[in-house]
Amino acid sequence: MNERDDQGRKRARLSPWLLLGPGMLFLFLFFFFPLYTLGRMSLSYRPSRFANPKFGWHWDNFSNAFSQYGSQFTRSFVYAALATLLALIIAYPLAYVIAFRGGRFRNILLGLVVVPFFTNFLIRTLAWKTILGDQGTVVGVLRDVGILGPTGTLLRTPLAVIGGLTYNFLPFMVLPIYVALEKIDPRLIDAARDLYSNTWRAFRKIVFPLSLPGVFAGSLLVFIPAAGDFVNAYYLGNSKTSMIGNVVQDQFLVQTDYPVAAALSFVFMAIVMVIVVIYAFILGTEDIA
Amino acid sequence: MSHRDDRIRRDQIRLARIGMSRRQFLGRGGALLGGLAIGPAVLAACGGSSGSSSSGSDKSVSISNWTSYITDQSKSDFTKDTGIKLTYTEDINDNDEYFAKIRPNLSRDQSIGRDGFVLTDWMANRMINQVKWVQPFDPAAFTNKSNLRAPLKSPGFDPTRKFSAPWASGVTGIAYNIKTTGKEIKTIQDFLDAPGTKTALTEMRDTVGLFMRSMGIDTAHPTYAKAEPAFDALEKAVNDGKIKGFNGNEYVSDLGAGNLAAAFAWSGDVAQITLDNPDVRFAVPDSGGMLWSDNFMIPKTTDKAKLATDFINFFYDPKNAAVLTAGIKYISPVEGVDAELTKMGGKAAALVNNPLVVPTDEFLATLAIFGPLDSAEEVKFDKRFSQILGSG
Amino acid sequence: MSTHSGTVTSTRGRIGRRLVDLAAGLGLVYLFLPIFVIVMFSFNQPVGRFNAVWQRFTFDNWLHPFKDKALVDALKLSLEVAVIATVIATILGTFVALALVRYRFRGGQAVNFLLVLPLTAPEIVLGASLLTLFLEPHLVLLNHNFALGFTTIVLAHIMFCVSYVALTVKARLRGFDWTLEDAAMDLGANPTRTFMRVTLPLITPGILAAALLSFALSIDDFIITYFVSGPSTTTFPIRIFGQSRTATPPQINVLASMILFGSIIVLAVGTLLGQRRERRLNKAT
């Protein structure tokens, strides 16, 4: 019988591929091959307005994409970065308390974090529209307190969009940080407590650096979908908060200018892939699962 | 020795399986449930993927339309009268968006699962003359066709009304919350200067049309060169924050909830809005409003042309048209509706005096339609409008 | 597991701890605020077409949750898609996970990386690329172009679920004692029998967890589905998106609340059963 390595795996040639085959074939057909058709479409052009696009090495689509929609690209990444930062600020204390003071209730608390996201994504965003509405309590309080002017509104502002993005992807920040914190050897923490006289320094010097893999994973899991989102900008934003997701959605599903839309998606995808590859090189892909 | 090893190994395995019996049961149970669910799902999939308008033996028809264009009363009247089962879906929110939805399938002669849809004049022109994705009515079934009002009988895009039949006409104007704006809105400038959040329509011809008329530009024979100042004014309004966004029917919900001060709006919707917010009014700007018609057409991929024609034919009977108009409060294309409305009495009869529902000739004279654009011009208009909507 | 919540004595430390607790508590409130609004508005009786303004309390909506036929049809369609996609994705994904965990082979690292890619791609790119695939008039493998509809939605869902399933099962399988298989085979079982009677029952919880995850993802998916659905295949999220612009009946809130409460119950039951299994195992040792 074959020997098993330290992870319990046997060495083999053919059997793994027989098992992998169907799944990877499916991924190839419906993930990798479509990226090729996306690329092909991005280099196509429309012979006439309603004719099907023809392939033609039409690099113009890319230069148009940058010149016309450069601001939407930038805006998407800026909003996503802000949402990631906000998510980190809100998620970290939550993950910390669950990991270190959860005790028996850890699983329940984790469940509580995840449960709100069993409602539909769109309905949650619409609920924010109600909460942030002009006649709602939040706006009322902010106006009374003076943070908002007497006719200030929260809806249709960049703030509402970023708030929506932060909310919708919050669990993706909480869970990885929790996992990272939980993995920390408790003896290290006790040692740190003994070494440093107060918990804040122990945290800053030992706990936080050890939780960084979780922070990075969470940031990636929030940043990427947030940058590509269009629903939040659609419900909570205005003409000047449109993100690249809105443009792609508009070009594909309203204007039907498929080549331009494809070029935009392709560029966006390329930027995201670069970020992911850098991340993978630094930290390895084992941790994502 | 080997006996003991065997026992140890057996125990190892048994141990690992102890906690499993419950899970096994759950797992098997789950698989069984899954199997039960799959069976019908697979059958449904086989039937579903080919589109719903398949066999012609069952008397049913599937229609897509804009919202607020029918009432439950009219729907049940139709089925009672003709015996045809009606599947009615309000999934049209914007002409371009609907076109994009049906384009992949219709451009390859594949079913869209509908036997009829309703689109505005200029999109009807595209359907009939440019992409040719519609089929003619069944002439034998369209007995009430002659009831179509004279001014609508032969538009440029369909001179014999072979492919299209107006469903309703309406007026684009301004809906506003008088409490928020503080005063009545009479002109486009009033609209722009009003305090609070304001939106315009994603329908280019409505939004730009209103601006053009406010600047005295003729909309009946539009060209981009003539319309450019209107676009510039619109762009300036967006940049100054006077117009915060563009939408389709969403303004109804936002005005009702108090999230908007004013919006470009369609005449029949105000009744809906005032249910939630009685402070909302509708006004046609002094410089004139836009008049438009939405047309019923039959996609080329359905084999139920006769049933679809029966559908539109029902609503061209003045009695049924009157019931519909009383419910939706948009202008009817059918001759003799005002007489029927008066016969109905009560609130319906009062509508005869509402120029937005039964327009007088004087009122019609103040309205304008947005004339046809050829392909080249349309591209210029759409491109500029797109830029204003999506630009940062 | 040592408890380290014990020995902080300084006042500053205590205040610090209170602050962190407060922050965490506020975080939880923040998480549940929209849920509270959703459930609350399911009891609203709107006067117009939109459920945006609180009018008055009523049980009506819960008594007639299936009043909006189009909404219910959309939910049914979502369920159909989810079941089919989950079953196929679970089978495909589990095989992939098994291959990665049981064997060490050339290309294993690459496969791992390739599996992760679909998870990191933004949904809008996945949806857009699938749309271009289905629009492509000369599909290399099949000389047939797919009409956008049920099939295209199911295929799309299987695609993004396979990766999730594979990685979830793989994570669950870490630490699995494969020597059990060796033990069984030493005792005389052939590989198939070993797999069916030893391995499979033990990895079933992981597979079930992955299947549940896949099901939840499929039901909730909007962006990818929106790109590949045809004009007449309306899933639950698509119906909500389209309808949210023209009417929002409170039944949307009712159905969403039902799904929410249902998921909570499933989670609770799952956790309780898991705890019982732990106790049984502990007793046996």
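Residue numbering begins at 1 within each chain, and the chains themselves are lettered A, B and C in the order written.
Everything that follows uses one rule, which is that contacts are C-beta pairs under 8 Å (C-beta built on N, C-alpha and C of every residue); 3 or more make two chains touch, one makes a residue touch a chain.
Here the structure is a predicted model, which means the values were calculated and not measured.
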Given the two chain pairs B-C and A-C, which is bridged by the higher number of C-beta pairs in contact?
-> A-C
Farthest CA centroid from subunit A: chain B
Could you tell me the distance, in whole angstrom, between the mean C-alpha positions of subunit B and subunit C?
-> 33
So what's the Cα centroid distance for subunit A and subunit C, whole Å?
-> 16
For subunit C, what residues touch not just one other chain but two or more?
-> 52-53, 131, 135, 137, 177, 248
Do you know which subunit B residues sit against two or more other chains?
-> 101, 257-258
Of all residues in subunit A, which are in touch with two or more distinct other chains?
-> 52, 130, 133, 135, 252-253
Subunit C residues touching subunit A - in the complex, by the definition given at the top | 1-5, 7-8, 10, 12-13, 16-17, 20-21, 23-24, 27-28, 30-35, 37-38, 41, 52-53, 92-93, 95-96, 98-105, 108, 111-126, 128-133, 135-137, 141, 155-156, 158-159, 162-163, 166-168, 170-171, 176-179, 182, 185, 216, 220, 222-223, 226-227, 236-237, 240-241, 244, 248, 252-253, 256-257, 259-260, 263-264, 267-268, 271
Considering the complex alone, what residue numbers of subunit C touch subunit B?
-> 46-50, 52-53, 70, 79-80, 83-84, 86-87, 131, 134-135, 137, 145, 147-151, 154, 177, 180, 183-184, 186-187, 198, 201-202, 204-205, 207-208, 211, 230-234, 242-243, 245-248, 273, 276-278, 280-281, 284-285
What residues of subunit A sit close enough to touch subunit C in their complex?
-> 1, 4-5, 7-13, 15-17, 19-20, 22-24, 26-27, 29-31, 33-35, 37-38, 40-41, 52, 90-91, 93-94, 96-98, 100-101, 103, 107-108, 111-113, 115-116, 118-124, 126-131, 133, 135, 167, 170, 186-187, 189-190, 193, 198-200, 220, 224-225, 227-231, 235, 245, 248-249, 252-253, 258, 261-262, 265, 268-269, 272-273, 276, 280, 285-286, 288-289
Which subunit A residues qualify as touching subunit B in the complex?
-> 48-50, 52, 68-69, 71-72, 75, 130, 133-135, 151, 153, 155-156, 237-240, 242, 246-247, 250, 252-256
Residues of subunit B defined as touching subunit A within the complex = 94, 96-97, 99-101, 103, 107, 126, 130-131, 195-197, 238, 243-246, 257-259, 375, 378-379, 382, 386-392
